[in-house]
Structures are given as structure tokens and as C-alpha cells.
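I have placed the structure first, in the form of C-alpha cells, so that the comments after it can refer back to it.
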Amino acid sequence: MRDLKLKRDWIHGWLLLLPALVFLFAFTHIPAVTTLINSFFSTPRGRRSAKFIGLDNYDRMINDPVFWKVLWNNLWFALGTIPASVALAIVMALWVNDKLAGRSFVRMAYFTPTVLPLIAVANIWLFFYTPGFGLFDQITGFLFGWPASNYLGNPETALNAIIVVTVWKEAGFFMIFYLAALQAIPVSLKEAAQIEGAGRWTIFWRITFPLLMPTTLFVCVNAVINSFRLVDHIFILTDGGPDNASALLLFYIYEVAFRFWETAYGATLTVALLALLSLLAIGQFFFFDRKVHYK
Amino acid sequence: MLKSTFLKAVAATALTFSTWASAQAVDLQFYFPVAVGGTAAETIQELTNEYVAQNPDVNIDAVYAGSYQDTVAKAITASRGGNPPQLSVILSVDMFTLIDEDLIVPFDDYLSGDEDKKWIEGFYPAFMENSQTGGKTYGIPFQRSTPVLYWNKEAFKEAGLDPDVAPETWDEMVDFGKKLTKKDASGNVTQWGVRIPSSGFPYWLFQGLAIQNGAILANADGNKTNFDDPKVVEALQYLVDLSTKDEVMAPGIIEWGATPKAFFEGQTAMMWTSTGNLTNVRNNAPFDFGVAMLPAKETRGAPTGGGNFYLFKGASDEQSKAAVEFVKWITAPEQAAKWTIATGYVAPRAETWDTETMKAYTADFAPALVARDQLEFAKAELSTFQNQRITGLFNDALASAITGQKDPATALKEAQEQADKILAEYR
Amino acid sequence: MTGSSDLFDRSLNTIAAWALALLWVLPLAYAVWTAFHPAAYEARFELFAPLTLENFAKAWDAAPFARYFLNTFILVTMILAGQFFLCTLAAFAFARFEFPGRNILFALVLLQLLVMPDILMVENYKTMRLLDLVDTIPAIALPYIASGFGIFLLRQTFMTIPKELDEAARIEGASVLGVLWKVYIPLAKPTYLAYGLVSVSHHWNNFLWPLIVTNSVETRPVTVGLSIFSAIDSGIEWSVINAATLMTSGPLLIAFLLFQRQFVQSFMRAGIK
């Protein structure tokens, strides 16, 4: 009897999973494996078909200065976007959760970047950053008499300019998650602390922030993934320049595979990206595992 | 499929009585990019419709495929997927890539006799340089452009310069630029002398400087570059000096897309940009402006740019023949004149300029002639096998010199070494 | 409690919150400014600049935005429907059934959180070519419909639903799918709404994969349509781009304005926190 139920459970479980698994395997797992396989072959071109070339593509990658550059750029980009957008999201959520004059406008303002396509707002940011008559230069020139600054055309600042746009894009989205979490925290906890004379800072660090930890984990995972995925605006703002100063790994993969038509080398770079993401996932898991208390 | 053929046949009977011709019509798919604003896509569509109306035995499906970059990507991926277009407008510089991918066929197979030979000879030689290799013609020039110098006449007047005279030489451009560069009380520049945009594809305008200095960036076979030629280094040094030594141009990478706006806003008194901008500047500049050839060093010079027609492999004989006929028609004087006036692209055949339409247009708007006259000095745009990769390397080298990370000689030497490695297999 | 310092603190917070909000809304404000003024005022902000609707007309003429808009709408609906369907079934399996391989399969699902389809665009393009789906709306949608994120989220929600409800329904004779339909899905509504919002806003704005896989007006979503304005030789016309942006993002923006409270509440109830 019990056996029968168990067997039925098996079949039901598998049947329910089947459709999702077909798609997952077709568009994630199998492509990931074929990417790995292709990275050991040469790019087919015209009448020349792909040949097995062993580790040649990897050898090329290790000796490719552009690869190392975009890799460092990407790490710097992650470091620049993740903490900033998460911290801003928390602050925004705290404000919007409070009784604030004009709260719904403020909330709407924070959320607008989520709704506007990055590809379109990138053009607006391009204007903001334009030297001379761009908005930032008009403002800094008017207020402080600063000279024109070429934010996007200078290798020192190009990536940072991209980071700012990304933080702007992400913070409002993450805010929604924090807002939901904040509203789920019982008011009684806060009141009890206030009665004991705890200040706002103490309440935040001792009560609110620890209770937000699961959200932070969730948001951080998203932020990490985004830091390797969000490249739309680069196409408009800098096209990876100057001299690859603002190119990220996925952007470079696109360039290699769909502009240079070197699909095999593109596959090799993709393998590197996958390896990097797995490393980060493992690291993140261990780091947060000790701090987050799941129910 | 059956149903649509049937419907087409019915429609044709009703309209023209030529049921037979229509039922056996040749179907062509034709990809085209648009790289200038305004009515370019509309004009192509209109011309195509006009042709189809005149030739009921041909159906042309004109597909707007995005930017140049998108169009070549789509043509390549569609061909690899076994569904190539029969005809496409793609950058002239992608010729070697398309040959390398084994996707295109030369026009020669469908041209015979003296008349066709004459037709090919009727195109400006500067445009044909990017269209022929190994004695065969792979591309027919269509939406072609060339960079020119635009100047703000009011700013010239203010700086005490003759508003009707543009700089003739490199040195003059620097001299003029110094007079034109204005600073406010706190020493911040409010108007630069000149603007040569360097974002995205800096190689193109830079190539103008290289040609003026007597250098050719790549050989006609597309398998050897000359990036480290001392003349190229000298040209790059001149470009870098404009910002650093002479201080007549804004430092850093200069955005291409914002350049016309900077010109309208009075941020720069002169700009280098494509003739594709003529209509835009004419409509939006709030001041009197002039258009001139790029200044000379050893010689005048400019690259050509823009797109050619290509014939794709995999088409039937009838389709290719029909495609060639269409190309002949659309590049013929009247059609080309319409196209040039709508977009600012340079009409690719000399005879176009003799049409009444063009004469009326240029009488009203003389700057349109500058581009044509400059063609005499123009050279092929940088184009090699693995073109995107090679120009990518070269762009990176230019950007690193412009932003002061490397000196011109080092940057170009490194780019040449890398290019040599890539092109070795094509020699 | 010191009233005055509390008041000071509060107003300081309000000012800061507003300052940030103004900063955040700046790009939208600029879009509105340029879209309604002639191009000459793109970089000049004068109070009495003339107003115009010409930019909208120009944008409308420059590209078939109605069609792009429809494409995006179809795309987003298709993805959402597929995601709801596949993820519900899979999440239910993980939440309530014991079967061999469950943990490994769940790990494989979570792997997709990380290895997003965008990263595998080269291989996925080949797959679409194999399936003869290049330049179709399903080709844009397919890689996304089995979402690891969706499965994970729904599984978490389903697990919080008391088993007693499930058993009661079974005793009344409901089949497996009947239980799912009558008990689980209704109770997970907030999760669906929250997940729906995330999914719609993500795919409405997705660019890279649609750019690669679409070729024609009939399939191109709005984002790819918008990118055309940015890819022109003759300089950027902010007024027209921004008019196009407003036209195409307007509906989503208005939807959020109208439903923002519900969205936040659904996030809260969905337990995405």
C-alpha cells in the first residue's frame, strides 16, 4: 500500500517536472555542455569546417590582453554596483516605508528606472555625460565653474560612468524587495525597542537589518548575476571604449561571437564566464550560510 | 504558400490581365540597413515599389535590417541557416569577410558585353576600390559617403577670420582653431576650434588624416596592413596634438553621435563628419555654415564609406539576373538623384550629377558638390580579411593614443603586430 | 522623547529622500522635456520654450512602433503564460512529491538562476536555427519560459501551504492536478503577481537576445526598435528617441502607478523577503 503510493508519487513527480526540465535542458544545460565542447574546436568559416584543436582557444584566451582587461573591468563593475545598489535600496525602502510627505511620488521616482528600457535611457545618460552642453557639465559649470568633463571618453572614468547608470537602474528594483520585507516586520518589535530607549540607529542595526538578511541574500544573488548580465547600456554609452576600458565580459563575448564571427573563441570566453559564476555562487553560499537564519 | 500564390494570381488578373507573368514572377529578398536619420528607409521602400510597379514579373521584398552592423550579422546568420537574401546592402568594407565566409558571388557572372563594362566604369573609381578584388566586382556602390569639414561662418567672423574660407591645410586648421577656441573668465573652454569624433569607429576619420599624409592603411588584397608606417604615426601624432599640444580640440574620446549637436550648440566651430549629415545640419544649424573638403597635408584626401550592393550565393539564375537588373535601375541617374537628395549620400555615378533634378538641387545647395569634388582625392576605406577584428584592433590603438595611455608609435606598432598575426593565414 | 530633535531628524530624512527621488526621476523628466519641445531645446532648459507634439509624430513615422509594441506585448504574455504553467507544475513536484533524483534535479534548476540564457546566446542561436525558429517571437521567449527563479519562488510558497488543506481536498476526491488547481494556485496568488511583475518588467526591457534572434518588423520588440535610433550616422536626435521611449514605456509606467500598492503587498505576501 505504502509502496504503491510511493510509486505513484514518483510518477506524478516526474511527470509534473518533465515539461520544465525539457526546456531547462534544451536552453540551459545542453547549451552549456556544447559550449564547453565547442571551446575545443576551431571556428568553422566558409568551406572550412571546425577542427579539434585541443586547448588552443584557452591558450589564446590566457594570452589575450583584452580578456584580462574585461575580466578586471567586470570585477570592478561588480564591486562598484553590488554594494552601492543594495545599500541604496535599503535606504530607499526605509524612507518609503516611513510616513513621508509625498511618499507615493518618491516611491514612483525610485521605481522608474525599472520600467524604462535600459537601451533607451542609455541615450539620455549619454546626453547627461556629454562634455560641454551635457546636463552634468551644465550643472557643474553653473554651480562651481568646473570645466567640461569627458566622463565617457576618458578611460579613467568611463567604467565608473557605466557603474552609476547601473546602480541607478538596479537600486529601485531591489527596493521593492526590501519594502515588502520591511512591511512584514512586526511593528511591536520596534515599539518594544523604543520603550527600552533604543535610538533609530540601534533599532536598524540590531533589529531591522538582521531581519532583512534573507532579503539581502536574495538581492545579492540577483545583483551578482546582473553584474555579469547587464550590458545593454554599454552598446550606446561607450561601445566598450576607450580601448576596452568599459567593456565587460558578456559584451566582449557578444563582440567576439557576433561581430568578429569567432564563435569558437566566443564559446571559450563563455566557459570562463560560467566558471567564474560558479565560483562566485559557491563563495556566496558559504559566506551567507553562516549569517542567514532561515526558518 | 499555395494560397498566397493563388491570391497573388487573382489580384494580378484583376489588375493587369498579365496573369501568366505574375504567377511566374521572380521573388527577391533584399536586406538594407539605415545609418542616417530621416527618410532613408522610406525612400528605399518607395523606389522598390516603383520598380515592382514597372516590372510586374519581379517581386521584391525589401527588409529593413537595422544598422550596418545588424544587417551584416543577419545576412551571415541567415545564410548559415540556409535562407540567404538574394541581394543586400552591406558595408563596402565587409567585402573580404563575405568572400571569406563564402557567401557572395561576383557581379561579373551576370554582366557581359561592352554596355555592362561601360556601366561598371561609370562608377567613381574611389568607390570601386572597395568593391573589387582579384579582378572581380563584388560590390556595386549605393549608399556611399565620405567625410567633409563643416564650419560655422558666424564663429569664423567673430574670430576675425574670413567666413567664406575654410582651412586648406593641416597647419591652417590648427591656426584657425587657435583663433576659434574661446575661453571664459575662469579659463574654461566654451568653444573649441575643431572636433574630430573618435568614438566607436575612430579609424574612419583618422584614415582621412593618414591618406592626406600619403599613407595607405591596407593593401588591395586585404591581407596586409601598414599601421606602423611612419606616415601613419605622424598622422596620429597630429590628431593627438590637436588636443594636447595645440589645445584646439577637446581632450579624450569624442562622441560621434553628439557631434552635430555640439556644432549646433556652438561648442565647436568646425567639425569633421560624414556627408550623411548634410541634410541634418542644413535643417538644424541655427547659423550660416560652410562645407569644405578635409584639409591637406601632402595631398588632399579622405576615405570613402558606406554600403554596397552584394549578390548572395544560393539564388537561382533568374533571381540573380533580376537582382542585377534592379541594381542597375536603382543606381541609374534619376533614382540615384532622388536617393542622394533624400539622404545626403554621394551619388555613385558621375552622370547622376548631370540630371536636371541634381542640377536644381545643387544650385540651391552648393555644399552637396563638395563631397563629389573630394572623390577625386578619396581612397578605399580600410578593409581587410577579418575586417571587424582588424579595425577593432586599430580602433583600440587609436583610442589608447588619443587618451594618452600609449604614445602613437607604440600603440600602432602593437596593433600592426597583432594584425600581422591574424592576417598571416590569408597571404 | 525629544520632540524637536525628532522633528529635525524627520525633516532631514524627508529632504534627503526627496533629493534622491528627484535625482532618480531626472532621466524621465529629461525624456519628457525633450519629447515635448523642438530639438533646439534638447540642451537648453528655458521655461517658456515652445511646446510641440512633432517629435511623437516623427518617432511614429520613423518606425512601426504600434507593431513593435504589439510584438512586445505578445512576447511578454507568451513568456508569462509559459512560465506560470511550467514553473507551477515543477514547483508543485518539488514541494509535495518524493521521488528519486529530486535533490539533484532541484540543484540543476537552481543552476539556471546563475546560468541565464543570455550567457548562452551563441548556442541558443544555433538551437533556434535548428528548430527553424529564428526571427519568430517564440524564439525570443523559449529560452526563458522554464525559469529557475520561478520554480524556486513557487516551491517556497507551496511549501508554506498546510498539508492538511491538501489532504482534505484529496479526501474529497480531487486528483493531483485538481488539488494543485483548487488549493495551491489560489493560495499562491500574491507570489504569481509578484513574480509576474518581475518577469514582465524584465522581458519588456530585454534587449540583447531579441536583437540577435529577430530580423523583421513582425517580430522585433520595442527595445530592438528603439535601438535603431541610436545606431545612426547622423547624430543622435534626443527629442525623437525620447518621444519613442515615452510612447513605448508609457503603459508599463502607468500600470505601475496605478497598481504600486498591490505590487508591494503582493511581494510582501509572496514572501520574497
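Per-chain numbering from 1; labels A, B and C assigned in written order.
Going forward, contacts are C-beta pairs under 8 Å (C-beta built on N, C-alpha and C of every residue); 3 or more make two chains touch, one makes a residue touch a chain.
Bear in mind the structure is a predicted one, so any value in this text is a computation, not a measurement.
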Touch graph across the chains, line, ring, star, complete or other?
complete
Chain pair with more C-beta contacts, A-B versus B-C
A-B
Roughly how far is chain A from chain C, going centre to centre by Cα mean, in whole Å?
15
Separation of chain B from chain C, taking each centre as the mean of its C-alpha atoms, in whole Å
38
Just how far, in Å, is the C-alpha centre of chain B from the one of chain A?
37
What are the residue numbers in chain A that touch two or more other chains?
126-127, 133-134, 258
Quick check: what residues of chain C touch more than one other chain, meaning two or more?
42-43, 212, 227, 229-230, 236, 238
Per-residue overlap in chain B, given as positions that touch at least 2 other chains
69, 73, 257-258, 261, 265
Would you tell me which residues of chain C are touching chain B in their complex?
39-40, 42-43, 62, 125, 129, 134, 211-212, 215-217, 224, 227-238, 240
Counting only contacts in the complex, chain B reaches chain C at residues 34-38, 63-67, 69-70, 73-74, 77-78, 80-81, 145, 256-261, 264-265, 273-274, 276-277, 279-280, 284, 286, 344
Would you tell me which residues of chain C are touching chain A in their complex?
9, 13-14, 16-18, 20-22, 24-28, 30-31, 42-43, 85-87, 89-90, 92-94, 97-100, 102, 105, 108-109, 111-124, 126-127, 142-143, 145-146, 148, 151, 176, 194, 201, 204-205, 207-208, 212, 222-223, 226-227, 229-230, 236, 238, 241-242, 244-245, 248-249, 252-253, 256-257, 260, 263-265, 267-268, 270, 272-273
Which bits of chain A are touching chain B when the two form their complex?
45-47, 66, 126-127, 130-134, 141, 145-148, 150, 152-155, 238-239, 241-245, 255, 258-262
Taking the touch rule as given, give the residues of chain A at its contact with chain C in the complex, in rising order.
6, 9-10, 12-14, 16-17, 19-24, 26-32, 34-35, 38, 88, 91-92, 95-96, 98, 100-102, 104-128, 133-135, 138, 168, 172-173, 176-177, 179-181, 183-184, 200, 212, 214-215, 218, 221, 225, 228-229, 231-232, 235-236, 250, 253-254, 257-258, 263, 266-267, 270, 273-274, 277-278, 281
